[in-house]
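Next come two complexes built around chain A: one with chain B, the other with chain C.
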Partner chain A sequence: MPTRSSSDLIVVGAGVVGAACAHYAARRGLDITVVDRGPVAGGTTGAGEGNLLVSDKEPGPELRLALLSGRLWRELSDVLPARVEYEAKGGLVVASGETGLTALRAFAHRQARAGVTAEEVAGERLHDLEPHLAPGLAGGYHYPQDAQVQPALAAAHLLRAAGTRVRLRLGEEVVGVLTRTDGTVRGVRTPAGELHAPHVVNAAGTWGGAFARVAGVALPVQPRRGFVLVTEPLPRVVRRKVYAADYVADVASGSAALQTSPVVEGTPAGPVLIGASRERVGFDRTLSTEVLRRLAQGAARLFPVLARVRVLRTYAGFRPYLPDHLPAVGADPRAPGLLHACGHEGAGIGLAPATGAVIAALVAGDEPPLDAADMHAFRPERFHGTP
Partner chain B sequence: MTRDRSPLGLVGADAEAAFEITFDGRTLSALPGQSVAAALWAAGVLAWRTTRVGGRPRGAFCAIGQCYDCLATINGRPNRRACLVPARPGDAITTQEGDGHAGLTV
Partner chain C sequence: MPDSPSEEGHATSYDLAVIGAGAAGLAGAVAADRLGLRVALLDSSGEVGGQFYRHPAPALGAVRPEALHHDWKAFAGLRRGLADSGVLHLAGHHVWTVAQDGELWAAHAVTGADGDGERPVCVRARTVLFATGASERHLPFPGWTLPGVVGAGGAQAMLKSGLALPGRRIVVAGSGPLLPAVAVSLAAAGARVPAVVEASGYLGYARSPAALAANPRKLAEAAAYGTALLRHRIPLRTRSAVTEVHGRDRVEGVTVCRVDRDWRPLPHTADRIACDALAVGHGLVPQIELATGIGCATRRTRDGAHALVLDAFQETSVRGLWAAGETGGVGGAPLARVEGELAGIAVAARVRGREALVRGSHARALRRRRDRMRAFATAMARAHAPGPGWTAWLDDATDVCRCEEVTAGTVREAVRDYGARDARSVKLLTRAGMGWCQGRICGAAVACLASPTGQEGGGQPALPPSPERRPLAVPVTLAALAALPPPNDRSHPSGHTPQKGPS
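Moving on to the complex of A and B:
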């Protein structure tokens, strides 16, 4: 019987992943307490563009997680209010030259065998899809399964739609994990007191490594910084998520050095969002004019019309990076009762529903909706084999 | 005698000579150092933009550059924050309809 301080599940983190864990656990009839030291979507979720992408993913466990998530987002779009701005807008990946197009074609063929819909678009037909695209591009691929949401609203409405089974404790930092003498997790401690539950989920995103330490286990989550430029509101000058083929290589890179590749998309509210940069510089929020310049140049190369448009603001966010670019999703055998749902890097909005569905199934004692090999790939203890 | 409670009066400032700007073709007076929003307010104009979705009137809200409510088309350039842009002699401010970029629609 849940009381004010006890529930079936404690979710640490009120970003989109924590919200999805709580949402799907509530659907299973569990009572959940969500704790966050800040507000809902106060970390990386609030800094995201809300991309739900399959187009940028190599065949493998992450792509399967993304395909499942894509189906769940479509279902959620009927459940959540329209203001989460779910748009099945599709993605368009473009290559400037024949070399890039050949590589993109090979990539898309591998994806197609893994269940991704990818349609080649000849260079001269690109403008049918995106009239403002630069002339002279070699060609591209259209990915109709790519979609977008407004991530902060999506997180908030995932929580709200879960109803009274979810209790939110915002502005409250978890400072300790409670364990029994046998090491089994039995709750968490905050400055306000103890919260009890037989399951605790680490959905602390980029701060998931820090929370893992609080729980007494290691998880090497590191921040991978990205900047976003926000233009003045415009009519629909960019219809899909449009990006250059180099983006896929940048996402997959393990380098700490700065990488930028143009990623451009419109929003229902009007502004166009321009990314994407990646660099590992810790939690440094210092504005980098070099990054902003490269993002602006890249976007204007793809969409020359943007050179005449004003950027109203810019912001930085920190993607939760794990060294193999896969999230940590599943139960942690080093601390029975502790589960992880973090480290989704730049794909957390997209991967949130499937992650939440997996966590909810595990907590309920059911089979997760992923096969064992994929669960093995996401196992949180994989970075620390027995010495 | 009523004390002058205007910003100028309160600080006892002696403003430089006023100049002219226009709002939707109507000539208004502005003082050096006034923002476009301040000049419009001083002339009794409270709205100079319509919202993108509902077409509702908007003007200055925060007046310190944070809220982006006061966007105006100034000398043909849309989406300028009227609360931050200093008024200059001859400026032509026009009511901005929606995003002000209807010409880019595809």
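Moving on to the complex of A and C:
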């Protein structure tokens, strides 16, 4: 039974990025239809840890997007209910040896020039910030701008707070994109019928490449797998997000596809989350004991008290990866009316509000809150012609 | 029978690793051993026997456990078979995952009574037999968390291992063939059972006449339980359900309603029965997370659970991995024994390259018996499938997830207002299923409430489309994970992947 429905904007994907696009578009008075083949936050958003980070980003377009997002998240924390678990808890990056610390210091200095607040913490002072950290670490940096949110709740409440301007169609897969004879987009098709709108946003996350193909354009989004370990609930033994700086020194080294670096954080509900691994193995969910071994070793090295703690659960998620590690955000000149907001890899929770604000501005015909050079860096057609 | 891997050292590998030492696993291990395979048998409990052949704990020195078992003899035979075999029995080994390890499979276990033992163990084998049994299906209703409410199977198990009664006046309720058995055991142990309350009608079996005719022993067994119920003056109420439990600090009584075919309570049929305990069970669900974790395909059973897809010789969809007993669909101990033996033979045929073993007359006879009993199991599952109307028993204040104290109202709100549509999205939005039990208790109920038809409590049975992913079958300490053996020969896909952020 075909249904007719029209709105100003169709958002494909009800992850945190799609939710943020809908949220900011609704604030501008647009009518939005959000379509997802599953539930809200059923994709990678449901697997994300919810760190809103500036600490891990090199100066450049992504860092500027993250800084803008950080401000927007702070604003949102007043608008959204406390249930989204927004916490401005700060991040702590630690270095075990002098080499790591030197690299970290240089990195932090460059970040500081780009607007990041980074405070050096001497080795013997680390325990004032995190009493359970392992002894003997060389030092670290505290990043007070790092924050955290519960991703699935954030997505659900971003949509809910947008009010009646947002219509949700869940359990409905977008299987086609409708175009006029001149190639401009005029809506999408789902098994339930056609939905009409002059703008369609690809917020399909890790499946953004597949959806781009449906729309007739190429976008090389690929899954980059990550495992998370979830422990039994604990009293707060880890206060901030804490991770090892080794990765900063390691960026260019190692040829193994599997990368792991210990990332440890407590949650308001009690369990400690332990990451992070990255590997490109397609959409394979099979448990990798090697990943578990490395994550467990890394976490117990940072926080020896965790060794006796039980892991209740582990799960894999698939980060939406683009070859240059930058998201695709903006209008697609190859298909007028189509916009992309996907490919945020391991930072989509953090980058969602700024992405949503950019997309909403573009759809409303306004200037986006980013400068032209950054918009250029995120342009979705940049991979055109590369295989 | 060796019982310590240290006799051989951990580097050695086995032909077969059997996980679970219940009826199915014992039969499989013994059969494979007789055919000359090197077999390791891992089980989390301290003794063999599984759920059915539960011993009274040795310390209690109970006499005559046979009184509780009609086919204790079969078990005694298997136990003797094990004692006389070369099977390495690893008791107290909780297997938390099975992973591929080159040409072999690695069963990773932790030891110690409650899984936090120091020593992680890895058993490598050319093949694996999953014989991990089933667990009880729990459906919530107002009052189900009160002390005095126990699982029907749990009550049976308590009786078998500790000989303790959960109360003195015990209502037995839910659905499934276990209920009359539990009621009779409780009564025989001295409890008063004011009623057995069965939500389905036994007429459901009439829809599978062939399966009934082929299994005369099952009918005789049912008749025997019927007679025993009469003897103990236990009334059986079919098409009825306990829809509420009353009591302040513990059970003082229950409300029983007549229900329609969909298990929806019929108006003006509520009736109160005084009791001090309720043994409630809505059937069993296969425990298959180890197998699904490594990619074995599943099918939906007639009562909406998930069971492993198996071929004619008990092999799963993943070559080299077999399953027997409840993991392939709940069917009882005699079926589990037959399947275990068949699997043991099939594994030996593969490992030894002796195809003739599975074509022999013994294997053929086992297959026939298996098929006959499976048909009955299917009829049973169909007759006792939870009706979609059970969600009407819940009021919004009823806790659905007891670990995280999430109510039915909260789950319904997540679906209505926040876009949840399945157990996973409900979990992410409400924490239902995130606690200690990891959704093992509330998962089925949450899935029903989350699915669009479950909301109205009508339409088709509202059941989860795929089994929940639970890659860790039991909790494991970080220390145990950190002590995992490093890969000796790991061939990674080549290519340099620069590392970016930490998250």
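Definition applied: the second predicted complex is superposed on the first by the 370 of 387 C-alpha atoms of A that agree within 3 Å, B and C clash if a C-alpha of one lies under 4 Å from a C-alpha of the other, contacts with A are read in each partner's own complex, and residues count from 1 in each chain.
Keep this in mind: contacts are C-beta pairs under 8 Å (C-beta built on N, C-alpha and C of every residue); 3 or more make two chains touch, one makes a residue touch a chain.
Remember, predicted model here, so these are calculated numbers, not experimental data.
**Q** Chain A superposed: clash or fit between chain B and chain C?
**A** Because the two structures are overlaid on the shared chain, the partners are seen to clash.
**Q** Go through the superposed model and pick first if A:V94 touches only chain B, second if only chain C, both, or neither.
**A** neither
**Q** Identify the partner contact of A:P131: answer first if only chain B is touched, second if only chain C is, both if each is, neither if none is.
**A** In the superposition, A:P131 touches chain B alone.
**Q** A:L312 contacts which: chain B (first), chain C (second), both, neither?
**A** both
**Q** Is chain A touched at more residues by chain B or by chain C?
**A** The partner with more contacted residues on chain A is C.
**Q** Could you tell me if A:L234 is touching chain B, chain C, both of them or neither one (first, second, both, neither)?
**A** After superposition on chain A, A:L234 lies in contact with chain B alone.
**Q** Which one of 77-85, 311-319, 437-445 or 455-463 is the stretch of chain C that crashes into chain B?
**A** Answer for the clashing stretch of chain C: 437-445.
**Q** Show which residues of chain A both chain B and chain C reach, each in its own complex.
**A** 232, 269, 309-310, 312
**Q** Considering only the defined contacts, which chain B positions touch chain A in the complex?
**A** 52, 68, 71, 77-79, 98-102, 104-106
**Q** So in the complex, which bits of chain A are touching chain B?
**A** It comes out as residues 131-132, 232-237, 239, 269-270, 305, 309-310, 312.
**Q** Report the residues of chain A in contact with chain C in the complex, numbered from low to high.
**A** My answer: residues 14, 36, 38-42, 46, 48-49, 51, 53, 56-57, 152-153, 156-157, 159-160, 168, 170-171, 229, 231-232, 243, 247, 250-252, 254-259, 261, 263, 269, 271, 274-276, 278-281, 285-290, 292-293, 295-297, 299-300, 306-315, 325, 345-347.
**Q** Quick check: in the complex, which residue numbers of chain C touch chain A?
**A** 97, 99-100, 106, 108, 115-116, 293-295, 414, 417-422, 424-425, 428-429, 431, 434, 436, 438, 452, 469-472, 475-479, 481-482, 484, 486-487, 490, 492-503
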